[in-house]
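Both complexes shown next keep chain A, but they swap its partner, so chain B is in the first and chain C is in the second.
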Partner chain A sequence: MIHAELSKLLRNRRTWGTIAIIDALPTLVAVLLAMTDLGPRPGTGPAFLSAVLTDGTLFPLAALAMVLPLFLPIAVALVAGEAVAGEAQQGTLRYLLIRPVGRTRLLVAKLVAVMAFVVVTVLVVAVTSYVVGVLLLGDQTVTVTGPTTSISGSPMSTPELVGRTGLAFAYAMLCMLGVAAVALFLSTVARSPLGAAMGAMTLLVASTLLLTLDAAQALHPYLLTRHWLAFVDLFRDPIRWDEVVRGVLVQGAYVVVFLGAAWASFTTKDITD
Partner chain B sequence: MVALAAGLLVVAPLVGRWLPAGEADVGPTELLEQTRAAVDEPWSGTVETEGTLQLPDADRFGGVAALFGERTTLRAWWRDPEHWRVDRLLTTGETDIRRNGDTTLEWSFERAEATYSRDPAIRLPRPADLVPPVLAERLLRGVSDADVSPLPTRRLAGESAAGLRVRPPSDLSSIGRVDIWTGQDSHLPLLVEVYATGQATPSFTSSLTDVSTEPPTDDVLAFEPTARTDVSVDDVLDIADAANQYAPVRPPATAAGLDLGPASDGAVGVYGEGTAQLIAIPLRDREADALRTQMAITPGVEQDTERTVVSVGPLGVLLTGGDGDGGWLLAGTLTRDALERAGRDVVAGFVFVDEAR
Partner chain C sequence: MSATPTSATADDVRRVIRTDALTKRFGRVTAVDAVALDVREGDVYGFLGANGSGKTTTVRMLLGLVLATSGDIEVLGEPMPGSARAVLPRVGALVEGPGTYPHLSGRANLALLDATGADGPRRTRTRRIDEALERVGLASVDGRPARAYSLGMRQRLGLAAALLRRPDLLVLDEPTNGLDPQGIHEIRTLLLELNREGTTVFLSSHLLAEIEQMCTRVGVLDGGRLVLQDQMDALRGPTGRTEVRTPDLEEARRLLATMPDLEVESTVDEHEGGRLLVRGAEPADLNARLVEAGVRVTLLSPERRHLEDVVLAATTSGTDRFGRAGASA
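After this line comes the complex of A and B, so read on.
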């Protein structure tokens, strides 16, 4: 079942089209930065973007900061929103369940396929942005090949940079698992995949909006997007683990609650489509 | 079952906050001394400051406006008042200040710049001035036992904290009250709230959200630049330090009845202490005109040919003179009347360096 879902995902041209669109944004930014040598003013723009003008090896992190708040979660919401509701809309869900496959197993297979999409997308963005960053960016007047500079100004060796970058991308994947869990739950209750995706996106927009509102401060610790950019804290010295751990706990809570809700909804649902 | 799990996950983070705070184990007098002494004690932790003071945002003073008008997250390592590091955390990077004896290092990740300078007594406010132990010590200068009263204990940063309400001893102060809660285990001020006269909500708060009393290690306080860092040495720290060193004037000995402080060794005057303090900085035409333009569009501004003045919460800002005149910038926690009087005193009483000799 999992193999079938993965195969369906990877053979779908729309999957690769979506990944290409997500990947195009950081690539375009890299080209523009290389042509103009104009970084964002301090305090503006995505994290790490000003630093890539002197150190191109940091561009995967700038790319992550660009796609994580909007592009990636929208894509995940669309893919996960289609998982169950898409089958129902096409009238194939009944036939899927006629096979001797439990509903829980089918739901797990759908979730694995969504996460495979997230992993592939994030890896494509990481590899592309590293290549583009090293080839196009970095201050050529800096002839040293010494350590990278951490956010706190201290040296960061190449193994440290690679390790922390790996953690940052793993953290981003966990954040997207939270979005996938919400969209998958909505996919089990909505009649159309677009409705499920829109529902998840509404939650994302509401979360982002409420984070800007001081009056909603009591809600901030519970908001889905609250800790998404905490991966930046992995590059401070010392690492600011408390924010990262809080982020992991919040995403974990969303995953547990919404996957549980998706399971409860799907395993008790009357399937007529 | 899913609903139960959701409920538990929502409630779990609140359990720590719902724990009752213990009774205060010290009286107001001892608590006042404890709070004052905390500035010399080592600690490290995360500080959240929140200001609602929308100050005029002129170029050379932009950092100050952000400091008092925004929510700021700081990470601090404090060994003693001369050895510390305070990082201002941003989603786009961070700006750090480290002090090591007489030397100050400012690091900006986004500019990839490390700037060494002296640490002068006369300078603009910076994030390290707003961490609770430092802010509390500054606000408590000149405060006696008669000016404080106890507040109910609260649970803050995982410990019980005893509260102290401070009423400014000077009638000139625009601060209505300062509420300070000091941890009963850490003996550090964990929350400082500053209220303007007549206001029910604080104009400025500074809180330690997590704290450790372990002294910070050398490697955390030290700075080791990489080859990609642009390292420079600057003779001046900011516009107040520059004016203090190079402006050819000297401020008068008193302003609005407040005496010139011992730190005033140049052109800039610092008057009063604690909750009633004022700084007077001489500005050249260029800086004064830019600031006057910004002040003119600040809500509540009053302007005539003699001065431009605005009060934002407990902070008053007054710039003497008109366009092209240069001027004295006066800023502090004085009432409007006292600020106006101080402005007149400074204009009438300052002297040029040649006259002062």
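After this line comes the complex of A and C, so read on.
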């Protein structure tokens, strides 16, 4: 079943179109940086971006920081929102269920496919941004030729950098799993895939807006997007764990609650479309 | 030759579908109301009903897609939806039109469906797909995506999907939808062929003619209730009248009037000459008496009921009709 879902995902031209669009943003930024040589002042703008002017190999992290807040979650909302409602709209859901594919198994397979989409997207972004970074920005290194520095300024060895990148990657996956859980739940409820995706996006936008509002301070700790950029803390020296841990707890809660709701809604649903 | 099954015969025959007081309510609307279906092995069962009579909801409940409010379902001898995992691999179904992934070819659609199933060895997949396509008349279909298929081709593809696993039971909802007369004939032939090979066919339709031509057993749903369920032979049994067609209408009428044991109703059809309906006569005897008296007979046969009359008598108007109360009676 999981194999079939993955094959569906990877054979869909729209999957690759979405990935290409997501990939285009960091590539564009790299080109602009290389042409103008105008980086944001240190401490402002997207994370790591000020550092990449001196070291192109750091560009994948900067790219991740660029796509994580908006592009990637919207794509996840689209893909996960379509998971069940899309099959229902095409009329294929009923034929899957009478094969029979168990409803719980179908949900799990859909979730795995969505996460596979995230992995593929992040990998594509990482690889292209690394290549682009080294080609366009790497040779601009003027001052620093030594080891890469953490954002706290101290040097980092390559194994340490790889380890931290792995952690950051896992954290980002968990954040996207939170979005996927919300969208998947809506996908079991909504009649149209677009409705489910829009619902999840509304939550994302609302969460982002509320975070800028001081009056909503009481809500801030529980908002879906509140701790998303905490992965930056993994590149400080020493690592600042507190926000990362809080982020894991909040995302975990979203995942448990919404996947539970998705399961409860889908396994008791009358399939009438 | 009794039309009503006695309890003895009911135990002898294997039940393929059996429901007991099957009921489905959507909010305050009762879509299916205490339905007791009885489909036997080897049947071609015609499930008739107007649009909105609850046919599709019933079919979906049989397949475990819609969950019943109350009542029991047994398919192939096992409870549904509890034993769906054991039952559904033996069932092929076409429910409210085929479902296809529009960007994939017909073959790729079937392969994907086959990959999601619990059984069927992978190495025989291509062969099984080819066989299924062959059966429904799509053997030479090319690699164009399903979105470019005509309605009829899509319908055939849906049938091929239902036949992928050589099911013991075929549940088909309006299978000839979108097909031209030639296609309808082909599908009918195919279904009868499958039935001869041992597949029980459950055919839901609102087309009386389709059911009348194919089915051995009929159930009629009206407003969510099963108002009629019987063998086709019993439903289309003789009315007790004999139909006589003759060019010598007046002579025949005069002659029959002299026979006090007969009641005669006559109608004259301009195109076909005289037509008499005689009640209370034994057909062979009647024929002999008419010919003996010099009345020429074009046709003489026991009159049988039409399915349409039986169904109309059992049902009210469909739910898509919203006439004023009392105005349509």
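Convention: the second predicted complex is superposed on the first by the 261 of 273 C-alpha atoms of A that agree within 3 Å, B and C clash if a C-alpha of one lies under 4 Å from a C-alpha of the other, contacts with A are read in each partner's own complex, and residues count from 1 in each chain.
Criterion: a residue touches a chain if its C-beta (ideal position, glycine included) is under 8 Å from a C-beta of that chain, and two chains touch if they have at least 3 such contacts.
The shown structure was predicted, so the numbers you read here are calculated from the model rather than taken from an experiment.
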{"item": "Side-by-side fit of chain B and chain C on chain A, or clash", "value": "fit"}
{"item": "Partner chain(s) touched by A:Leu229 [first = chain B, second = chain C, both, neither]", "value": "first"}
{"item": "Touched chain A residues, chain B compared with chain C", "value": "B"}
{"item": "Partner chain(s) touched by A:His3 [first = chain B, second = chain C, both, neither]", "value": "second"}
{"item": "Chain B versus chain C as contact partner of A:Ile239, first or second or both or neither", "value": "neither"}
{"item": "Contacts of A:Arg13 with chain B and chain C, given as first, second, both or neither", "value": "second"}
{"item": "Which superposed partner A:Val119 touches (first chain B, second chain C, both, neither)", "value": "neither"}
{"item": "First (chain B), second (chain C), both or neither touched by A:Ala253", "value": "first"}
{"item": "Minimum C-alpha separation between chain B and chain C after superposing on chain A, in Å", "value": "21"}
{"item": "Footprint overlap on chain A, comparing chain B with chain C", "value": "none"}
{"item": "Residues on chain A engaged by chain C in the complex (per definition of touch)", "value": "1, 3-4, 7-8, 11-13, 90-102, 268, 270-272"}
{"item": "Complex contact set, residues of chain B against chain A", "value": "1-2, 5-6, 9-10, 13, 46, 71, 75, 87, 89-94, 96, 107-112, 114, 210, 220, 223-229"}
{"item": "Complex contacts: residues of chain A adjacent to chain B", "value": "40, 42-51, 54-55, 139, 142, 144, 146-149, 151-155, 214, 221-222, 229, 232, 236, 238, 240, 242, 253, 256-257, 260-261, 263-264"}
{"item": "Residues of chain C that touch chain A when the two form their complex", "value": "26, 57, 60, 63-67, 84-85, 88-89, 91, 93, 95-104, 112-113, 115-118, 161"}
